[in-house]
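Chain lettering (A, B, C and D) follows the sequence in which the chains are written, and residue indices restart at 1 in each chain.
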């Protein structure tokens, strides 16, 4: 390749002369721009070409999107023949230069393309959105998994935990960020700004989010916390606009009642476990009276699981709901042996245990539908997290309090545990 | 691999129970800790193991360092056999799953190790320093170039231009950063805090640095700028403590008189070109009177080049020094055809041209020794940067002003241009 | 006076031992606390006594409030006999010591009380609120004007223009400040957070507020600005949620469409003129395309004035409304010769001129009621502000554009200009 | 007075047309400008006139300065006749309007002048410097005490404790502020930036300063603190560049070893007591291990006092120096009964007690000269501060530890306690 390509020359000139060029005006297909960017050795026009590609991307129609992803997947793939030859050489002599040739050949060109795009100010968020788009097509085009693998590989590197910044979200946070909290809340919808204020402003409420320095206005994940006396058993009470505020210094329990991922494009790159652990650590230092860290979590799998049972009205048996839920959480499994309930998998995988179960805990339409109103507290005990992670990771052991185990036993005989 | 390894279990327990454990106390070799970190699937003990590895690394003696790097290079290398088999499979069917297997096998385990180490808060700076150590050994152990390639690969990704932050360094900057500016200045030494103040505080002085969000207190590179009337031809005048301050609004020229890279561990990852271009852009907007962006640069290669000539006293010919320097800059080449002078290669590669040459421009001992006191202004003309980059990149063409070309011609007949 | 008063001693001890004492628990009347604070020479218990007074004040019932203000007015007044004697002495010898005695006697004790209260962190806002309370009683108890005079005297000193900070209010401003903007908007009500967003976020909208460092979360006054092409003649169009956003760089006009004072307790201490002038200066520098600074103002006096005329249906004469409004603005006066309309007095006093008049400009219920829907643009021409202020200040001359003067003339013969 | 004064009109026009007018160019004496500023009712030209007065002030020669202060003192004084008449009226009827007339007459015009000058951005610092100038003249012109009284009156109001901001000074503080700390240190000179770093950067060192929002770059007063194990008895050991750093969490004592006022123009407006108390409070919360707050203070009065004794060589009696110093601190008094030593007066007045006395504690030339090398620890015991203040304030009682009292007794018989 040579930097003297006429296209490249043209681009550089064009771009430098028209700094405020409108989007989409540039000649040439987006794929040509990508090739030009990969060819560019000068860094001069590189940023402008990259900016143009990102702008052009915004304007692609669905049909063009699939073409673009296919271009990335096929035209910018690895050269398997080259790898094959170079690995032979490396087996003969594992010198640094043989290694470098092999390493360069082993990396698809699209990785370099993504890296160059990311040099543009603000591009990181756009690449996250590109991944979100890609995920849409992935279901029907599994072969695009090659491109997805590379993009995730880079995103994981860029969103390295060491780069993330924990910030408390308060009523003093800029409105431009708060409106995103409202939009991203995925568990218990925030109705309006008054509802948001009730979750941020009182002395017994906290909210924390992870941010990346290249996306300072856009949270990656956030958790909402209630400080309480005792372990709460009703989300409606926690969120009530009638409730009395507790002085934070009098609280003995911190309740994670909602965790929301904000970026669809970062699916599969998990921040939740780090967030919970850092918040546990920070709150422990700030509020010496807090003795207990629990969640107040939905049981979204319960309804789906009951659907598959003979007795589909099980959730209407209010008297036995807690027993059924306990039994479900401890015994209902996926074919791989992990718990059937996704929220259970998340918290148990983080080292929490099943602590308490409540009926009439989420009486909203959604809550009644997904679990007959039952909710569960998972307990994070810093001293036992490692041990729990080991037990769960190695043996799929679900650790639970004796109260929950006892509840589960009372229900156990009546219900088949494997829904399949 | 399995997370139930006794080592892993031990580590997790030990680490959680002794949060303030002193450095170096932990049992086990650093290589065992690295293997344990790679094995860890839980993220629980991961951060603590990573922290322990970094601490242990600090305490390694030189002999242990080479062992550690050799461990990374050999034990955590790719499995060439696996690549060989997987690339065959991929040639048969380029499915996403075949691709992923191949991609995973193509990445040396040390890359994953570096990534996990980088999850620790503050680790980025430590990995940069690890690379600096590695570079020391590389000369005598070129095979370590494999590990160096991987580490650079990751550093380049983490220090992506889109993540860098340009900050002006002023007399209002925290002293903790200013002391680093003093320490890192590599071109014209900063004598003391008064000297620093003279370079930052007056209305006609500027300084800009790139920072990375994960190393907010440590500049990566900085440039010092003087605002002048006309193009200056003496660094001593620019730095004089007797000079009169110019009101910034009256300046017509911005002079880059010193650029210093701060991090030895980032050698080969270039920020200078981006820095100069962004500063040119920012100053153009801030100071509408600036018509010209030049450097006032040393010619460090001139003395070395003259050494190789028959006439070793050439630099003492004050009357002809400018001609000799012009001739040198335009004609003296490395075997690959690029200019012999490293500073010339940097600025010409960025798209600058050779603008003016001055004798008696750096009368310090260093200045006299390296170039007989001669210095050069490279000119950055935003409108022609692209074109110059092309010309230099493709044809090694050194663009110069007619004045410099004329000077060079007057000297040209007398001196062999190729020192080899 | 002596610091050994038992009350004082008791207070100091009590206060130091009970740092978290609840409000209102303390023994003794608020007036006794005030006397104790004035007696205190130690600064030790002073802050705590002051804090106690402010807390106690919060709990006073209306009947107790009037008692408290009467105490300030009478018990903490000047000693006229002392002044009389000391001024005689000063007339005999104007020495520094005679001056100081006289000066001390001339200052009512309540001034020192207010100053000491203000030493408490956060007290400034509480004293502003105390003034707001006082204003309520002033109407029926004009003699309290003595205390009001002293409180205003100090507030004017504390809220010195040199201490005020201009801040832009944007969609990135903390929600805790934005909710105050919503609450304080007095001209065109902000319906909800979406309405607020429309006034802050688009490229062609601006909002600026003055803050005092001791009340950093509470604006004193703010102005909302629309950037437009041409002079707008309808507030509904300016505030419409359907309107198209203009790029700020294309605007030629900045429109002050709403100015709201936020602190009732600062009535009579004017910040509006400074605010408008500083915003004009700042916007002139930021947006070089702005050629014209106008208001879009209500004419609240027009309706009241028409009420007093024979023809009370005048505002329904749509065809002639602009003429009537022009005539009113130029000719209708208060007995002191100043314009009858309060908004006109404000802007003309600041050096603006009457620039354009519009009918159907505010079609809200409030707008129709107060002026039949008419509004007016006042024009701020930086070059003529001084001259206009002189003309208006000395001769009550209302400067107007020729178009407005011409409109007024057409109406002039039919309507008596003095409503009294 | 009338705003139509030609001077005023001229000024307004001139000023608006020449926004970048150079200093000192304006016609008219500074006194005329002051009169014009007082006359200005428009606020339009006010700020510019005020700015011009402040600029003109900068250029005054000493002879002109005394003229200017005399102008303020005499021409802008109160009208005693008017006061005399108005106070009679007020005695007859203490109405609000009579009060206001009297109050206005009782305030010298110079106060309004100072207030209007202070409306200019940055003027506060200039008025503080004006007071510093005035103090120079005051000694020889005591009658200027009238003007000084008024200026102090306003400065006290503007520098109200409630407006001051406590900031920690660290090695991360801007260099522009740190250079002022170096310049202002009045007790134990800071030699250079390395010395400063040793006082700020180590874990066992702290520095705190009060700032005013209108002078954000200029500290008003600062205190340097050492965290130690035990009570130190040598300033050279505290400041040694050889000493070992203590981990802050292991310290049991906080030592205030230097307090410096920064603004000569604020003499007589005391911030030291507030600063010490707030720092005691803040450090108590931050470092739970701190059990004791002491000073390590010079005894500057000791040498002067010994000078007046018969035995002028008393300080050379090393064996008895501590006894002599103890005796001096407890018994040597000024005619008004307060301690002879000014540092003792300050700390005892704040509620501290004399805790320990050390010889060979300050072996610098200054230390040997002023007290034969002796130093003293004053102890701040939060629980007893009030009581100590009472005792000292009412009865001039100097509270001391039993050890110090015992030392003093051993020396007491031999030395006359009243130097006069």
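As a working rule, a contact is a pair of C-beta atoms (placed from the backbone, for glycine too) under 8 Å apart; a residue touches a chain by one contact, two chains touch by 3 or more.
No experiment lies behind these values; they were computed from the predicted model shown.
Look at where the CA atoms of chain B average out and do the same for chain C: the two points lie 57 Å apart.
Rounded to a whole number, the gap between the C-alpha centres of chain C and chain D is 35 angstrom.
With centres taken as mean Cα positions, chain D sits 49 Å from chain B.
The set of chain B residues that touch two or more partner chains is empty. Taken pairwise by the contact criterion, the protein chains form one closed cycle in which every chain touches exactly two others.
Here the chains touching each other pair up as A-B, A-C, B-D, C-D. Per the touch definition, chain B reaches chain A in the complex via residues 2-4, 9, 12-13, 16, 41-45, 77-78, 80-81, 83-84, 87-88, 90-91, 94-97, 99-100, 102-103, 106-107, 115, 118-124, 142-146, 148-150, 153-154, 156-158, 160-163, 165, 213-214, 273-274, 351, 382-383, 385-387, 389-390, 393-394.
Of all residues in chain B, those touching chain D in their complex are 171-176, 178-179, 192-193, 197, 201.
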